[in-house]
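This is the structure I want to talk about, given as structure tokens.
The first chain written gets the first letter, and so on, giving A, B, C and D; residue counts start at 1 in each chain.
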């Protein structure tokens, strides 16, 4: 793979340094997001070489121009960067600014060594699957008529918003009835998203390379609603019943809230194009490090026992 | 596939009927477990055609003689039948006697229609992966020296038995340190086993076709020890520390308890030969039915609301 | 105790019957809610004897006129009836219409026998404590200046509403710092409310006669945020930080949403006046029955074992 | 209160110092456990003033001689010290050696100042309730015939030990049927014990001054077995069914395992004599400190957000 071009998202100072480095040391073309291009040009005309995109059409062509994505920020920045690529996604090298994220194993302190070794390759990659979500309006004449599919790297959530009525969502998996979710809502998550909102709602932590879809209720009105994990090949359909008293709200990777009226549905399945993110060590090692450092997973005080089960 | 021979395990009366049916209607050779052969022959010399195995060596050759396994009993019977096949496993048609199990979707009331349609094919199969477990004794000179690997279809458990000291198990995944389990113990489970002991310990329910390994602590002495799900390609090593004050106990599909002394370890990975079990409808439909009927998953009283969030 | 007057809330037909019965058989004065009085008078001038209240001032005097409250509906009706009494609360006899609630053990089929035995006494009572909640506005010059305290019988909730920012709530107990809640929100619940929203968020079920306050996070962004139960004599203060990026929302027994801006706080403690609700058998028996019937608590399929731990 | 005598348990060096200090500075009589008396006398005849007890009869009289108990060790030491007093318990001043326990807020570094201020008073006390447990043998002719009640400060546990059969325990509360526990076992815990084994099994954390009894299943074989908290005035009865296939095991504060055969029962209620333990600040402050430091309760990484719900 020959990475000729490059795309950057994130914090300002480290941004100017990496732009300069890619240009001068690596002779690569550099794309940045529009807002950043403006900032760079305001600072110095030196940055005339930096390119960007100016409309939705150019965004759709980004994957033909970009061979490597560098993100500077937290997991949110990776989510945002991934959302720019509806089709194939170039490898992403995610740098954290400050604390480690679940998808951002690289520190900017060592950006040169790190990017050097990425450009040389080979690198270890985590292939992160995404869900593609269709909102199907009851009002629409045919399915898939009105709205573009939305890709999520973490999760799609359907909740009751500020309605005081519990959600009542009918869920189907490949046309088999799964259950009716009565509660605050439902999270349909990738395994990458298992350490995000699904975790807060009680879901298990799943290694991002396990192929599966997490089905995690939010505050279910039932004692026995244990989270479920389904195979990645299924299609899920979440239906707001026709007699629903309140609206439901869908949100996608924590953003883009859409109202779902009675009769509307959300249909999800795995998207064909995963997001390849670069690993610092390897997928397992990076994952374990992120749950130890980011979540204090199973952190305990070391104990000095003074008796049988001295708790 | 041409099923010429056949193997039965389970309840007596239905057993005689199916033996007779396989012999008379299908002209198949029939194997039953030794105890059952004895019972049948005591009853009538008619059953002289029924074969069995008489020693460990014949057990090892079973897979060369048996093309279809019929189990009559609960999930425990399936676990036991699977344990007879250390290598390739013929398809298993699991009948429940009485209540539905997680792996036993067929009812004996309809055994003729059901077996007829299985013998005709095609049938839908759930491929259930097994874990192969090696106990590595610290006292042994080389790894894998002393003990045969044990195959489990549900889970291997390491616990403290009746010791009043908490376990203190050091866990590694492909040589990356995972965590130290301090508590009552640890369950390493297949996804088939996700509805068994792992569930009781708080693990998620996982569709049996999701390729993964559940890592579920038993009563961990830490608030933050959420269950973990790892990819099926990893090797797990659970080590009893050299300075451990108590012994640990391993058990395999709920049986065969083995003591682990300080320095001993258990090493697990996915076995190459899965257990194919026949589906009534298909893998997803059968799984959803089993968690609804067997676990009352998300069973709720239907509610008549009389106000906002009338709980 | 001499129950001379009586107050009814709920369903129409059973309402006319009980009004008539109280009047004719028991010679009691009957109060109903304004809407119901209108309905009754529309039907027949017979119901001229039925009284009501017409403004906030009359509501405040209700406890001087009402000796017994009869509710016809679910738990929501009991919550609403209780909210009419800011001070002392007369005994409440809660009838369910249809399915059993956690606070409504009586069935209307037997209303005569039931009310007869209540009027005769003695009856077994569950004393249900309420929380009084003050919203303290940062903009207000002195504490308790602007807003009336609100009484809740189940719980007060502070959540992020539809904000995409997690809540960040600083919590204090009698001036000791408890924790900072980062997540979807926080539930402060009575033990009566332990089977309502707190349960959905993962809280324990607490017998309504245990004196305590439940402190249950909603989808906390931390693995180790186990729910907490505090003594009933404490004062809790939940503060929206001055630098909070989003608003928080308080709601009271699932209603009356109020926005909390940065710097605002919610202060709660036990209200001096509990709500006495009549028991069918006794407090423990009624409670256990409600969690069995209403929540299917620990409902299991009866199992036929066919092997060691046949799960 | 005039503390004339004093009793010590624990680590050696700090023990000699505190014995000497009580004797020389405070002119108090000092009792230590037998083993420690032996050690002290071996070291120097100076310690001739130190008294002890030599048989069960003297233990029963301890409460008539001891006005203050000083423990040097972890929570296990407090459990042990409390177990010496079957009736009234003198105030306990619990010093931790090393890390903080849930009941041991004092550090030995400051033993003089600390004990000085305790002896002067007033001190803040946490009254910790204990459960008294009777094992009722089916073989015995009358209830309470054979065995002494056992007092626990944390919990009594009934589990399946190494049996491969699940427990099947029938539970009653004041003669109302509560539930049948099918799983690894059951924990009946005080609120002091809520941070011990009950927590590991998924119970809530309960402030030690909340009057209540925790009823927490261990790995229940049911999705809906949420832990329960009952009032302190109830009597609980846990019965091993007459047709039970395996034995059950009771253990008391993690010790003294007793086998329960089919037909045996365990009966528990609150003991009349609580254990008063001295507080460093006050009951709430000490409790919150212990769950923060001892359990890392709700410990989170501070987050730098870079987007909506950057998880």
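Throughout what follows, a residue touches a chain if its C-beta (ideal position, glycine included) is under 8 Å from a C-beta of that chain, and two chains touch if they have at least 3 such contacts.
Being a predicted model, the structure only gives us computed values, none of them experimental.
Chemist: Find the chain most remote from subunit C, comparing centres computed as mean CA coordinates.
Modeler: In terms of C-alpha centroids, the chain at the greatest distance from subunit C is B.
Chemist: With respect to inter-chain C-beta contacts, which pair, B-D or B-C, contains the greater number?
Modeler: Result: the pair with more contacts is B-C.
Chemist: As a quick test, compute the distance in whole Å between the mean CA positions of subunit A and subunit B.
Modeler: 35
Chemist: How far is the middle of subunit B from the middle of subunit D, if each middle is the mean of its Cα atoms, in Å?
Modeler: About 40 Å separates the centre of subunit B from that of subunit D.
Chemist: From the C-alpha centre of subunit B to that of subunit C, how far is it in Å?
Modeler: Whole-Å distance between the two chain centres: 47.
Chemist: For subunit D, write out the residues touching at least two other chains, lowest number first.
Modeler: In subunit D, 164, 197, 199-200, 220-226, 254-255, 295-297, 299-300, 303, 305, 308-309, 311 touch at least two other chains.
Chemist: Where on subunit D does subunit A make contact in their complex?
Modeler: Answer in residue numbers: 73-77, 79-80, 97-99, 101-102, 154, 195-197, 199-200, 222-226, 254-255, 293-296, 299-311.
Chemist: Which positions of subunit A touch subunit C when the two form their complex?
Modeler: Listed in rising order, the residues of subunit A that touch subunit C are 161-162, 164, 183-184, 197, 199-202, 218-224, 249, 251, 254-255, 257, 295-297, 299.
Chemist: Going by the contact rule at the top, pick out the subunit D residues touching subunit C in the complex.
Modeler: 164-166, 173-174, 176-182, 191, 194, 199, 203-207, 209-212, 214, 217, 220-222, 224-232, 234, 245, 284-285, 288, 291-292, 295-300, 303, 305, 308-309, 311
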